[in-house]
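What follows is a group of structures, each given as structure tokens.
First chain A sits with chain B, and in the next complex the same chain sits with chain C.
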Partner chain A sequence: MPRFLQGLRALGGLALMLAPPAALAQSTPPAAKPALEGESCSVRGLMDQLRQGLGSSSKAYREYLNAVLREAAVSLPSGELHAAFDRETDPAMVEQLAAALVARSEREAEKDAIQAVARRALEDRDPSVRAATVRAMRRTGALEKTGDMYERLMRDGSPEVRMEAAQNLIEDNQYVYSGHHGPATDTAVNAAVASTDPKVTAKLLESLDTRKLGPEAGQKLLGMLGHESADVRRSAALALGGVPAAQMAPAREALVGMYRGERDAGVRKALVQGIAELGFADAVPELRKLRSVDPSMAPEIDAWIRVLQSGVQEWGLLLREKQRLQQVR
Partner chain B sequence: MRFMKKTALAAILALAVPSVAAAYSYTVKSPFPGTVTATTYYSSGTFHGALDISSGRCNYWGVETGVMASLSWNVTIRTSGVYCNGTGSGTQNEAKHAFANGKTFRLWHFIKTSDSFDRTCNRCQVGNEGGTGNATGPHVHAQYDQSGSNLTGWYSGYTTKGEAVDRSETIGVLE
Partner chain C sequence: MVIWIPMVPSTPTQTPVSGPSRGRGFRWVLAGAGLAAVVAAVGLLWRGGDDAQALSASAAPVNATRSAGSHGGGGGGGPAPSGVEEAEAAERRFSDQTCFPELARFNDGVTLETFRDWAAPLLASKDPLVRDYLMSKLSELIGDDAGKAGQVVAWARDAQGAEFKVLLSGLRGSDAVQKPQVAARLLEAGMDKGLPIERRAGMLSALDTQKHLTPDAMDRMAEFARDPASTEAGWAATRTLGRVMARESENLGDASPYLDRLITIATDAPDEQIRHLAQTAPLHNSPVLDAKTTDRFARILQSEGNEDGRDAAAQVLAMSSDKEQTLKLFADSFNREQSVCVRWALFRFSARVAGRDALPVMANMATVDPRFQPLYRTFETLYASGNVDFIRIWNELPDQNPFGCMDRHQ
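What follows is the complex of A and B.
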């Protein structure tokens, strides 16, 4: 823009600023002042905000909105929240509303609110909605409050739903129960046994902390060693490595017995790891005996023997040491 | 030389191996409205290594678990009845969560109510403010410990002695 035009524009702006209000009023028709309206924290308001926000490119903002809804959930009107949840069909919004209902349950504002979420996770016709409602129950006490829901979800027709359910059981055991709650571990094992999807069963078992596993579920886990899928056998062998003291002897016996007949190299590796975890340094004589069964496994067994003889008393550190040895080899 | 290279590489890779213990970060809110009356050291200079919070009123405020997450809480009742000024060392009522990494978060001294039972919840009430166990007045002792040592970093920088806190006030972060 030429400099003289810029000067005129600035002058015009200054004139407008200095003009008396009366003069301005004469040039424009008087407009009614917008009435200020009080606004309450409503389900509809939060949903509108959320719907807009979910399209935001900022992950932090989306997480903030999720957190706001979950925190506000305890003071929102229950009826409105349930109605909004029942009406909603967009999976992303269903997940948020389900999470709000679960939060009401977890905060003990409405203990049974989670039942509506569980019902929809099992019965909704849209698999994306079922998966979304399952995700909403992640890292909560849902497995204690929903009966056999997880076993039923393991037989869901959608692989996405089955995988989300398995992920819930893994994360609930890891974060909510910190591996210290036997019934939670048993629920995960029962769900794994009920599953008809070997991929899901394997994922569930290999990530499970079994230190508080009950005897009945322990027997079921032993039975999984005979599964037709090598992935399931491998993960069952890994899971058996962590069972409580009372179940260690039969687990060790089963793993050693199975090693001789097993043909899959991956499963054999898992069996050796399971035996090592069950016995620590005491497993060394057993591992030496197994060394001659399959010569191709000798380097793996030697590495375990070396690690177990290091005298380290913590499984996590032993695993690290084993990985280190493999890397320098 | 070749061995040194391998060892160095292994050391770097070992550091890159993810930790076996689950990572978490949970904000802790005050279990009830009150004042922080003790932190790392008592006025006497004795090590305390925890937070004491008191409203000064016995059997009044519902004590919440405070941690902003769904966790399974183990509630142990060692003393039934309303006690405000102590019942002897080791007799405190306790709500605790033991994390998979070996750390434990505990709340002590509350009075048993109908809410004092084991359950999985997010900031639920487990009792009333009281003085069961080794206490000279009604308060809650919030402690995060590992292998018998009290950790102090979880509240440092979040609260100080004398601060007035309510249930929405962050008093620390557990990691």
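What follows is the complex of A and C.
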């Protein structure tokens, strides 16, 4: 932007700051139409726009700024972008600059750009900055390019960072890989096992699609059934319901075997669901046997039996039918 | 087999899709992982998607083929370029994104009254990010104010080109569009014979974010879709019915009133593309079919002249609650069917009807048509190895397109 226009813009900002309160402003004329001329994006210009705009009450504008930075990232000067990222300390701005570097990496404009982001996610002194850089890697292919970063993040001293990292693994598996990339699934399970925070472990496992789980990670997942946290046991039971065919038999055996000794009602519900997913209609005889173990679980087991007997052949649709049934009850 | 496909659907001839916007990511999915060739063909037709896509009922085929993206592990051979070289090369490779430093002032100062005047130069820039911003900003300006929404409907009656799309997309995304009087006004505009047909299509498409449609609205849209003169507006009405049905289902609501109307369109619409759209609508919410709906879809399977329609009917019928009757219908239809693609649908969706219990029926089909022998053995092996979920079975198939049926849509 020409310098004289930058000056006008600064004055415009000042004018807005000095404007009277809304109640008094009613009689003022409507805002003047801005001169909307496009120009090449620059790191400094975008940073200025972002710094002012990220606090805007308009979601539309904030989303535009996010998008424009990611889109412009590939053609912005690499050195300037890295320098701005290194200098920045405001977590919100760090997140934007990190996302720009990740976008460069994702679009192969600069494959290694993501390494600078990963380093900062692991090493920055400010936990808010570490959390922000982790968020910037969400729904990307970061886990394929960052080695053991996620396992290390699971041991971060900040619960916020650990939870953001878990959220990345969940969303990457779900939205980037659609559950079809075994190494991504294994990374999530390994991170869950490495975590010493039961909340994070449970969050990671409960929504993980394990259809492509590797045998080694499968063994680790089975081990999580013995965890002292009921939340972790519950989520491990749910995750085991989805394992590949080759791991189904031991998973079923483990879930059925555990049901009788388990005291926690939430875990028992998850065990029943895992057994249902592993067997579909074939699980009905086993579920009938388990019905007498705990009378309070009988309605839940009956609901599953009814749904499984419908003969629907897809797990997602069986889950939906179960929800419908619960809605009716 | 894992392949890369873009997030936008591969397009059948009638799918209203604009090209993928720059910067969109790519996702890993299995080839045709949704389910069948017919789903791959219809793609994400019913899902939310880009507003501009939703509002453009004109065909805009895109070549969806892209090279593998940045995922997928290891790089190729040869020395890696240095960071600087790589960055410089990238700067040459990618075109510049335009920035609008004054957009902050636009954002802070624009009102509904000034929107059209102020937005005009931005729209003229043809920048897709700015266009998306304008749509969302307009939704914010409308808010839940029915009066403002009505004003935008009035503007949309004569707005042109990109502005027309922005106005209706902004309206479609606003809270106010859920108000009965706003939805009614859009429907009236969609039914207004005095408006050009593509404008009516846009009005009807803007109803596709509704949480519910009234029985009267459903009836009018279904009747309109069966009118030979409705063309692309009838197509848009059908798509809106399908999208709202899918949303109702997602929210565990009752999809049957929508399904009822869609089957009527699927059976009676004279336009083959509209009929096909209605036939494929239930693929996106997979309703369990009662006896009456099963019978109506069975008639489509037996009488539809378009093989894509029969293919879709087989997939929908696989969710019938009467498994035995459906397997018998599939077996009989397989014997009579001439198209190998529809036979392939009847064969594989038998497994969706009854899982492992369908194997004897599938074995018979493979006897009738020996081309299905190796496929039968694959299904048998997959069930024997412990798989139970049809989606898993489908995803484990070494070849999901053994007869080249998916290629019909490319």
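Assume the second predicted complex is superposed on the first by the 289 of 329 C-alpha atoms of A that agree within 3 Å, B and C clash if a C-alpha of one lies under 4 Å from a C-alpha of the other, contacts with A are read in each partner's own complex, and residues count from 1 in each chain.
In this text, contacts are C-beta pairs under 8 Å (C-beta built on N, C-alpha and C of every residue); 3 or more make two chains touch, one makes a residue touch a chain.
On a predicted model such as this, the values are computed, not experimentally measured, just so you know.
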Touch test for A:141: chain B only (first), chain C only (second), both, or neither? both
Looking at the overlay, what does A:288 touch: chain B (first), chain C (second), both, or neither? neither
Which superposed partner A:175 touches (first chain B, second chain C, both, neither): both
Pick one for A:209: touches chain B only (first), chain C only (second), both, or neither. first
Looking at A:319 after the superposition, I want to know if it touches chain B, chain C, both of them or none. Which is it: first, second, both, neither? first
When the two structures are laid over each other on chain A, which of chain B and chain C touches more residues of chain A? C
Touching A:77 in the superposition: chain B (first), chain C (second), both, neither? second
In the superposed arrangement, does A:109 touch chain B (first), chain C (second), both or neither? second
Considering only touches as defined above, state whether A:327 meets chain B (first), chain C (second), both or neither. both
The intersection of the chain A residues contacting chain B with those contacting chain C is 103, 106-108, 139-141, 144, 175-178, 180-181, 315-316, 320, 323-324, 327
Using the touch definition from the top, list the residues of chain C that touch chain A in their complex. 2, 22-23, 25, 27-30, 33, 69-71, 73, 75, 80, 83-84, 86-87, 90-91, 93-111, 113-114, 117-118, 121-122, 125, 127, 129-130, 132-133, 136-137, 139-140, 252, 286, 288, 318-319, 321, 323, 351-355, 382, 385-392, 395
Considering only the defined contacts, which chain A positions touch chain C in the complex? 1, 5-6, 9, 12, 16, 30-42, 45-46, 48-49, 52-53, 56, 58-61, 63-64, 67-68, 70-72, 74-75, 77-79, 103-112, 139-141, 144, 175-178, 180-181, 211, 245-246, 248-249, 278-282, 310-317, 320-321, 323-324, 327
Quick one: in the complex, what on chain A touches chain B? 103, 106-108, 139-141, 144, 174-181, 184, 209, 315-316, 319-320, 323-324, 327-328
Parts of chain B lying in touch with chain A, wherever the complex brings them together: 6-7, 9-10, 13-14, 17, 19-22, 24, 69-72, 97-100, 119-125
